[in-house]
Amino acid sequence: MEIDLGYAKLDMDRKARQGADEVIYGESKTAVQIAGIASAMADNGCENILITRIDAEKAKAVTAAVSIECEYRAAARILIANPAPVKKTGKIVIVSAGTSDMPVCEEAAVTAETLGNNVVRLYDCGVAGIHRLLSHSDELSSARAVIAVAGMEGALASVVGGLCKCPVIAVPTSVGYGANFGGLSALLSMLNSCSSGVSVVNIDNGFGAAFIASRINKMTTAK
Amino acid sequence: MEIDLGYAKLDMDRKARQGADEVIYGESKTAVQIAGIASAMADNGCENILITRIDAEKAKAVTAAVSIECEYRAAARILIANPAPVKKTGKIVIVSAGTSDMPVCEEAAVTAETLGNNVVRLYDCGVAGIHRLLSHSDELSSARAVIAVAGMEGALASVVGGLCKCPVIAVPTSVGYGANFGGLSALLSMLNSCSSGVSVVNIDNGFGAAFIASRINKMTTAK
Amino acid sequence: MEIDLGYAKLDMDRKARQGADEVIYGESKTAVQIAGIASAMADNGCENILITRIDAEKAKAVTAAVSIECEYRAAARILIANPAPVKKTGKIVIVSAGTSDMPVCEEAAVTAETLGNNVVRLYDCGVAGIHRLLSHSDELSSARAVIAVAGMEGALASVVGGLCKCPVIAVPTSVGYGANFGGLSALLSMLNSCSSGVSVVNIDNGFGAAFIASRINKMTTAK
Amino acid sequence: MEIDLGYAKLDMDRKARQGADEVIYGESKTAVQIAGIASAMADNGCENILITRIDAEKAKAVTAAVSIECEYRAAARILIANPAPVKKTGKIVIVSAGTSDMPVCEEAAVTAETLGNNVVRLYDCGVAGIHRLLSHSDELSSARAVIAVAGMEGALASVVGGLCKCPVIAVPTSVGYGANFGGLSALLSMLNSCSSGVSVVNIDNGFGAAFIASRINKMTTAK
Amino acid sequence: MEIDLGYAKLDMDRKARQGADEVIYGESKTAVQIAGIASAMADNGCENILITRIDAEKAKAVTAAVSIECEYRAAARILIANPAPVKKTGKIVIVSAGTSDMPVCEEAAVTAETLGNNVVRLYDCGVAGIHRLLSHSDELSSARAVIAVAGMEGALASVVGGLCKCPVIAVPTSVGYGANFGGLSALLSMLNSCSSGVSVVNIDNGFGAAFIASRINKMTTAK
Amino acid sequence: MEIDLGYAKLDMDRKARQGADEVIYGESKTAVQIAGIASAMADNGCENILITRIDAEKAKAVTAAVSIECEYRAAARILIANPAPVKKTGKIVIVSAGTSDMPVCEEAAVTAETLGNNVVRLYDCGVAGIHRLLSHSDELSSARAVIAVAGMEGALASVVGGLCKCPVIAVPTSVGYGANFGGLSALLSMLNSCSSGVSVVNIDNGFGAAFIASRINKMTTAK
Amino acid sequence: MEIDLGYAKLDMDRKARQGADEVIYGESKTAVQIAGIASAMADNGCENILITRIDAEKAKAVTAAVSIECEYRAAARILIANPAPVKKTGKIVIVSAGTSDMPVCEEAAVTAETLGNNVVRLYDCGVAGIHRLLSHSDELSSARAVIAVAGMEGALASVVGGLCKCPVIAVPTSVGYGANFGGLSALLSMLNSCSSGVSVVNIDNGFGAAFIASRINKMTTAK
Amino acid sequence: MEIDLGYAKLDMDRKARQGADEVIYGESKTAVQIAGIASAMADNGCENILITRIDAEKAKAVTAAVSIECEYRAAARILIANPAPVKKTGKIVIVSAGTSDMPVCEEAAVTAETLGNNVVRLYDCGVAGIHRLLSHSDELSSARAVIAVAGMEGALASVVGGLCKCPVIAVPTSVGYGANFGGLSALLSMLNSCSSGVSVVNIDNGFGAAFIASRINKMTTAK
């Protein structure tokens, strides 16, 4: 079924076809557009509707414009419309290189939790002090999926990749300056990882990494 | 355990730690170095040792230099040293955009099969004739992992991503010319995919995609 | 005939030579300069003068400064000076990947309509839900020219290209983030399209695409 | 109808859907693959099958391998399999900047002629001697479509764009050195053309430009 | 002689060594630093001290802070400290592609005039209407140096280069959007000019072009 | 010992392992996070805690939030928490190309002084007036480490490299415009230096250069 | 007058319009094409016809194919067809950074000499040993035009620029490796030169630099 | 003293000024040029003359052309002319990521040994098996300088940086493929290293790294 709002065509069969409802990318949509989409989805029975990349002000405007409940997660810049209890299974580990990577990590963490996964957060484990990572190697080796988040040189992904048995999804971040070129250094680093088992998503795409990790975790636990 | 050959330090615990033995990247190693590494691995009990990116001539030289059996898969540019029967489980689908992407596809296919996965090949399903892809949507929706291989504009990954429930690993290829810039166009295209559930590996990295798909397929089937 | 305003030399023979009057690119001109150019054109008999890339505030200043009528189309960021009734012929289809591409689409749509073409808008038909596009394939196959507007990975152009008999003009947009690099990903994707029949204009250049589509549509219908 | 050769899936409905049969891109296919595809197409009634980017040696191998007639056009690097008389209509003008752009021009010219268009060649009309171009302005203003081919700085496209009433398809070439960066300078130049009515195809893509120009010319003349 | 202000070391022999006093680049210096440098130069007899890339507000602050006279040229973003009558010789022609290039043109024009050259301004002569340029070919062929200023595709430089006997200094501007990449398209275009006799300075560097043109003009007229 | 603050894991053994305490990169951390980290470090006995890339406002907020003394060095954008007397040894020379490079120079200078090194500042010694540099060649040849800071074309590093016996650490700066591309021109220039003995750090990374120079100076003087 | 050879249109009025005959860029033309163009030019009275970027083998083929005399200058990769005595005036100095830049230097030197200029060669004066350059400062300050040729970091142009009163034309070369990126480092360096009076031509374009220097030298000496 | 060979100016005071004789970069010089330079240096008393980037064939030609002894080190692609016993001091550790990085490592090792340093080689210690590196942490912490050599993602530099007290010189290599872009990925990675104390040289520049490490080691040991 497709709902045509003029500015958007809602793909209501996505859950059946792909295992999850549409997620609303908030960055370049107006509050009015977001509210319209979220309301239409809720009217058709969608719960825990994820609206990503939305700042506090726009989230407030959306919340005011809709007749459904909304929860804003500031650290993750995510608004959850029509929230409902979520049953969580399995384990996804999110490991980050530095404190500055937290917004991307939290986008991943809130997405993963809302999609029904248990999440373990290991933040500020950059490779400049490699023991910080190694002391958590048990968490890494028991995960069903690992998300490695790093800016600057992105070396974390390769080191984590060498310590895991499960798929590692690497998220380059735009944290850094100069020859970082907006995240390019971490992106290229992760694409060239010398560790097998690492795949990569777009710069700062915490949501995308969590979506994939959730698919892996759930396929595993579904059996 | 580590075996030090001077020019290489073999990581013999990798199977325990990561679920698979080391794979030998053949491109910038000499036949003598490859033969030395493969022999040492075989001496320590490794079977189905994968040597990737090796041309026919170097493969012949390696085969002549070692006392173990070797099988060369020309289309995949892979040499399998100390081959042994492999039990295959699950299903990985490899879908490609064009005939020219075949070497990368076969690198992925032979890797996946050698690691113990059933593989379905859907080649030349580029989006210029979208029906060619849609007629195989059942294969896609029943896969445990899909590898999407495309050069040029790499649009295949997004369309495939919209048809699957399982993780999709996208492999950009260097097929094309001009503003393709050695695979950059397909790489950027896949990193920016509008479909959730798509992660990306390096340009032409068929091996890497298969390694990840195998991890996903096996975690799923192991339960 | 040339009118020299000092800061601009108006090319009053352009309609005879090229089939349409000069269009004023508003972005880097002052309101005073724009008003001067528009007035001089109107004084010389030009109607439906298009001023593109002009925000609401500058449009207001221009409108106040001239003695001719002006119409502002906010969604398209276009000001039409000295508007007059337009007779429309043929059919141009504008298809877009997502809601966020709307400003570029509307720039194309208003330009095309002002130049005398019938326009059909098919918005939010991104390839992640390919059925949304396929359900409109009749519109595509009966168009005289199609404009395909997409950001992110720009895959839409190739899929549309495979469904059309008429020329397809692809417009990459700067919608996206990270490895989108300001529209580069969609631009390269479209330049490398595996579908024949697709040509490309500059990033976000809705006006340019509409100008070309109008030429094609009118040549066709003029016979 | 689809014919599956394993390494290729032939899209036999393309002529009905898109107005022309599939064209075989020869660069990264083997002679055996090309011969297989061409034979299958001929068996299904296709005439004047275009095989582009094929060098003399590979063309000879293909010709030897098939039971149909083949004509090789060396300057265009095109092989025409199963040639048949072509009825030509309308007028496409191909204008080039320099002698070194000829291979790309001829790829465009032979493609356009084979698809049924009359072609006028205006070669070596670079803007360093602008009178060479201006003395042909009648040819340009009477064309139904113009293909502008230039390497180096690609300025030709803008100047031609200012002299035409019909759509101009610009083809950047890789002719040049140094800061030409494989055709990037001409590509960016053409994408940023200050003349309206210019759209762009991939670097060195003479075939693609001719395909589009043919669509425009034939839509026009079909009425 | 060197004057050391701590934050700057003034090179007071530059006029003897290079033919002109130091010019102060205002963009990344504070008003206090600029005032200090200008005052020290004036104290040592410098007249017509050029301060470039300085906005109105900073110019006002500098003027207030020094005890010498200052003249601000808003269109050129240049402040002239300690102004004095200038004797002008020869002829430099500044030709620009569009109205939006004026700030760069005026930076060049004011610099050239202050350094003692007669300047002819030919603005908005873009190649989309090539006759606008050709109608001024006498001015071009009688110049001692020509400065060609253009953004977008920068084609103007090549066409001008083909019409001149004197050296042409090309200035790419950052005017444009999208695949202009901040002036890169015009820069590459001009570096690859098919016309001999064209050299290039940095993007938007009107000052630099005028400095060189002045050297050429004065060497010529000095004989 | 590791102190886990949730958003940060403090590596308290870094002084023993690497010779200096952790340095806090302030740019993308909140004042609350910085205050928390600085306080925890001070509680564990750290003195002269360096917080780099912190503007005046954030520095004020941090100072207000902690119970330890703080000193703000505005020109260097550095906050020193828990300051203590420093014994300085050896000699590091910091040489810069222009006045605009001062913020990066001061970041280096304050870092080096805080880490216990004597610093000589030679500012505005750009190669356009090479005598300004040559007149200080004694300072250069007697240094234990030299830091060469330059934007634009970065030529200073090569000239300095040819005058020194000690290691030269080159710092490209983002000072410039146009084809400077945010510091890329100086970065590439320095990486390609024709002088042996020059290594490079990230664009604008004054801190990093000082940290390395300090290591070299202290190893030397420690003997 | 224009001579149309089909593959080339000869612009026989160029000497009158621009002060020099056409120069034949040999790189991407066949020996047959070059011979045809040179013969036609000689038939029309041209002497000292320059054919650049031509290797020994192609030069031999051209020489054999024409009935006019030809002189090959191997170090410059230049063939001079229909040579005649040249009267030389003025002084152009060519200064290079290293031995490896010689082919570009000689292309410039032979071009300049053939066009009638006296040339002084100062080779291997790289800035790593700045005294090598300074010891020749008299030559530099008495030149009418200076050509500065350098690869790697291209610092030579800025240092030379600071020592000259005449225009400096900088030629980046592709000499180097790694982050040189085919001459990009030297190109960007020269475009960002901190010395006024420096303009830039394409990478390795010795011919272009000499052509411009010749114009400057001759305008000066013509008075 | 300067020796002028025409194609080269030998800087015979470099040892006094910079602590080491000139090193001959062999890549783009002819055997004749190299032989000339080496002979002149030997005639003036230089021993252990380093000729880098020279293949076996050219080394043989040089050896045959000179009357001094020459030693070729194939793995390092270095020829040592006029070899003499070297007294070695201190300790430089060279650590590499993979077997394929050996040529660059050996260039560094032979350079360092020839310049009088003891060298410890730790090869194939890539971070995918982090224990291989950690088991050598004693070597790293007792070094006077460490050279970290890695291609692909270059993560090694950051991890090594976190384990050392001495300066780390990072050498990115061009080992890899695809999004490695000729060493760009490792280069950017190392420039953005999260570990303090890491500076970077050009891609594949083993010589440069060794030269700097030698300076550091010798300054340290000289006291």
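Which chain is which? They are A, B, C, D, E, F, G and H, in the order written, and residues in each are numbered from 1.
The working rule: a residue touches a chain if its C-beta (ideal position, glycine included) is under 8 Å from a C-beta of that chain, and two chains touch if they have at least 3 such contacts.
Note that the structure is a prediction, hence the values are computed from the model and not measured.
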item: For chain C and chain E, chains touching each; value: D
item: Chain G and chain A - chains in contact with each; value: F, H
item: Shortest path length from chain B to chain F (each step joins two touching chains); value: 2
item: Farthest-lying chain, centroid of Cα atoms versus that of chain E; value: B
item: Farthest-lying chain, centroid of Cα atoms versus that of chain C; value: H
item: CA centroid of chain B to CA centroid of chain G, Å; value: 50
item: Chain A and chain C: spacing of chain centres that average the CA atoms, whole Å; value: 36
item: Geometric centre distance via CA averages, chain E-chain B, whole Å; value: 57
item: Averaged-CA centre spacing for the pair chain H and chain E, given as whole angstrom; value: 45
item: Residues of chain A engaged with two or more neighbouring chains; value: 128-129, 162-163, 178-181, 184, 187, 191-192, 196, 202
item: Interchain contacts, given as pairs of chains that touch; value: A-B, A-C, A-F, A-H, B-C, B-D, B-H, C-D, C-E, D-E, D-G, E-F, E-G, F-G, F-H, G-H
item: Complex contacts: residues of chain C adjacent to chain B; value: 97-98, 126-130, 134, 152-155, 157-159, 161-163, 176, 178-181, 184-186, 188-196
item: Residues of chain E defined as touching chain F within the complex; value: 2, 6-9, 11, 14, 25, 27-29, 33, 172, 174, 182-184, 187, 202-205
item: Residue numbers on chain A that touch chain F, as the complex places them; value: 99-100, 102, 123-125, 128-129, 131-132, 135, 175, 177-181
item: Residues of chain A that touch chain B when the two form their complex; value: 17-20, 23, 141, 144, 162-167, 169, 187, 191-192, 196-202, 207-209, 211-212, 215-216, 219-223
